[in-house]
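Chains here go by letter, A, B and C, matching the order in which they are written, and residues are numbered from 1 within each.
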């Protein structure tokens, strides 16, 4: 990587050197092990591992629950962002700060707390049990935990966009005869849609890799409520390094694809805003 | 559709934006609300639109009370200073918006909408840009789209909030003339807000001058310019010199000079201010019979047909600006440092207390 | 905008839309109530439950659980890890932000994407890669064994995994901030004769101090609370390779719920402090950004 323009400021060499060395040793090298390890497996071995029914079931659980959780977060995240930006009520600033709790709270703490909350004798679980709704130790519980984890991603991505919305545009729509609902669906929502999509993708990406908050409430029953991260750990404990790497590789590729998509969406949004 | 505004009052916290404002806009006229920042003109416009609610007073459209009517029922078209176009929609969709959100029973068909929108695009001369996004248009083009969008719903009243304020001077002039022509074609009752007096005087049928939440004067451009009713209007329109002096027995004393001020012949003696337009200051090389104030030419600059002189009064060092026709300036051979004599004509005299300086 | 400045609250306060374009009272209150109910159920209830569970057996038991030797050594280990991971990532973050934001070079955007990688990787995988590297059957496994160096299932492994996971935090915070601030001030300093370090300390650092603090707070919170990655590399050896989050898990799995919540409550308090600091820093950031804007405005006005 060469400097293409001569710069007056010093420190380029040093800072770039530190950055590249650090990234190579701390990030690229460790990540490379996954690829080299999987290369050890033959294609059949890889495919066999990855299509094993238990593994497939875990993919279904992880991706399925993450998808549902991200969708729920998209709807309610928009609602929360709207209320925080548009309305005044006592304690608004406090509520605004609390939204970041899932960012700050260690996942294990969230995990044990949610499990206790939704167990059949828990504060919430006890009301759902008679209704026949079991949350703890089912995929519903997994989804609940993933909702907790992903909420701030949607809210924080949508909030600035809502904040920047010009009042005049809504006034214009009203002066042209639009009812409030029409203004919301035809003017506000299309403007917020890109941010919503990005928030959804971020929540989804976080959810598929989540371990700590989920592993307590899921019950970890193979084929039913076993999430992929747990399956990887199980394989590692059994010294099935190859198997663990194979499963992890699929996850990694999915995560990278999501990361790429998210960055592309944000780049497209920046271009549209700049134009 | 005429507009009757009666006794409107609006405060924002401690700030009084409108203080007992009453106004009549005859149907079909193009009226300008003119005044400095903070005069309340935009607030008045927005209250007429229904975008804000007054604390007291009423608004009637053609005799019908609209004071509590929500904005979307008032059938007003509103054009914003920064256009407020829907960025995610094309030009066509922007203009069609008002028609598309009509309730099903009264919604025109897509074919009818298309006809209306294309007709409007031709009217504003943007028909080739129907499928573009607002971000691809220039400021002037965007404003025309905003206007077409407001006209699409056939409003009874068209309200424009400093519509050309965000544009370059040249584009502003073009669009000003274009608005005038449009109004002559479409004939919707229109009210527009501006702080640019040239714009207001050039375009409108009637000018309403506002200051500090009150209407100072309302009349045709000629009326307000030639016959300013208050010191504020006098000072606001055109370039003006202020001469401080005393009013006594129907004459005003400025320094050693006395000028006629017959309208104050019955008034008690008091301090006063005389407003004199820059082109009403006569410049002579020697004192004339009437009032002659001695002054020194500090600066002279030719601007086309007019020579602008900056003069310093000998008696008190005050600065006076005089605009003299080129021919006259040449024949006087005006030069820097030259001693001349000024003769103010067409004075408008007001007592000192009444003049907001 | 032509309207009066004080008829619109600042953008960071809620935009109270006038009656013309607002929803009806009923709808507003319904939406607000729904949002608050959702947040109460999703966020507040679990939070409250931690403290309730911690004190379930009384305050004495709470103190005992926290003072228990294994808990204390877990706390010590957690602090040790944070005290290594955070400064290391601070240096990395500042270096990366400096070269990316102040210079133009090919591959810049690739670098930014690489910095984001640890964010995209699942915590368990983040731990696993170090096992693959330094574990018994890993790349360096036999070499380490021969030299009797333990990384996996020992403290160094935990440090490495935590450092990996928290690597992007400070860089991600500083890069957009420094990009936005540009290079003019630094260039001015260089022209006036300042050296590289001087420029950084006296010009760059004061400008980025709030963003830096913000990144540090987040990095620290994550370093202390990391669970998945640490779970893989630590071996769960009580008293030796247990961090506070792992200790919470162990107690919970042993059905010592009150003790588990007690230790969890410490971490929760840390999280709440993090949130408070975060809010404070955001507030100061907004203030200093507003001041910068004001200075630019008044300079524009003077120049105009």
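By definition in this document, a contact is a pair of C-beta atoms (placed from the backbone, for glycine too) under 8 Å apart; a residue touches a chain by one contact, two chains touch by 3 or more.
This one's a predicted model, so the numbers in the text were calculated from it and none came from an experiment.
J.: Skipping subunit C entirely, trace which chains still reach each other through touch and list those groups.
T.: one piece
J.: Does A-B or A-C have the larger number of C-beta pairs in contact?
T.: A-C
J.: Express in whole angstrom the distance between the two chain centres, defined as the mean CA positions of subunit A and subunit B.
T.: Comparing mean C-alpha positions, subunit B is 56 Å from subunit A.
J.: Could you work out how far the Cα centre of subunit A sits from that of subunit C, in whole Å?
T.: Averaging C-alpha atoms per chain gives centres 16 Å apart.
J.: Could you say which residues in subunit A touch two or more other chains, in rising order?
T.: 168, 171, 173-174
J.: Could you check subunit B for residues that touch two or more other chains and list them?
T.: 49-51, 70-71, 82
J.: Identify all positions of subunit C at which a residue touches two or more other chains, and write them in rising order.
T.: 1, 20-21
J.: So in the complex, which bits of subunit C are touching subunit A?
T.: Against subunit A, subunit C makes touches at 1, 8, 11-12, 14-17, 20-24, 27-28, 31-32, 34-36, 38-39, 41-47, 49-50, 53, 91-92, 94-96, 98-100, 102-108, 111, 113-125, 128-133, 135, 137-139, 160, 163-164, 167, 183, 186-187, 190-191, 195-196, 199-200, 218, 221, 224-228, 231-232, 244-246, 248-249, 252, 257, 260-261, 264, 267-268, 271-272, 274-276, 278-279.
J.: Show which residues of subunit A lie in contact with subunit C when the two form their complex.
T.: Interface residues on subunit A, with respect to subunit C: 1-5, 7-12, 14-16, 18-20, 22-23, 26-31, 33-34, 37, 76, 79-80, 82-89, 92-93, 95, 97-114, 116-117, 123-124, 147-148, 151, 163-164, 167-168, 170-171, 173-174, 180, 183, 205, 208-212, 216, 228-230, 232-233, 236, 239, 241, 244-245, 248, 251-252, 255-256, 258-259, 263.
J.: Please output the residues of subunit A touching subunit B within their complex, sorted ascending.
T.: Residues in contact with subunit B: 166, 168-169, 171-179, 182, 186-187, 190-191, 275.
J.: Can you tell me which positions in subunit B touch subunit A when the two form their complex?
T.: Of all residues in subunit B, those touching subunit A are 49-51, 70-72, 74-78, 80, 82, 84-88, 97-98, 101-102, 135-136, 146, 149-150, 152-153.
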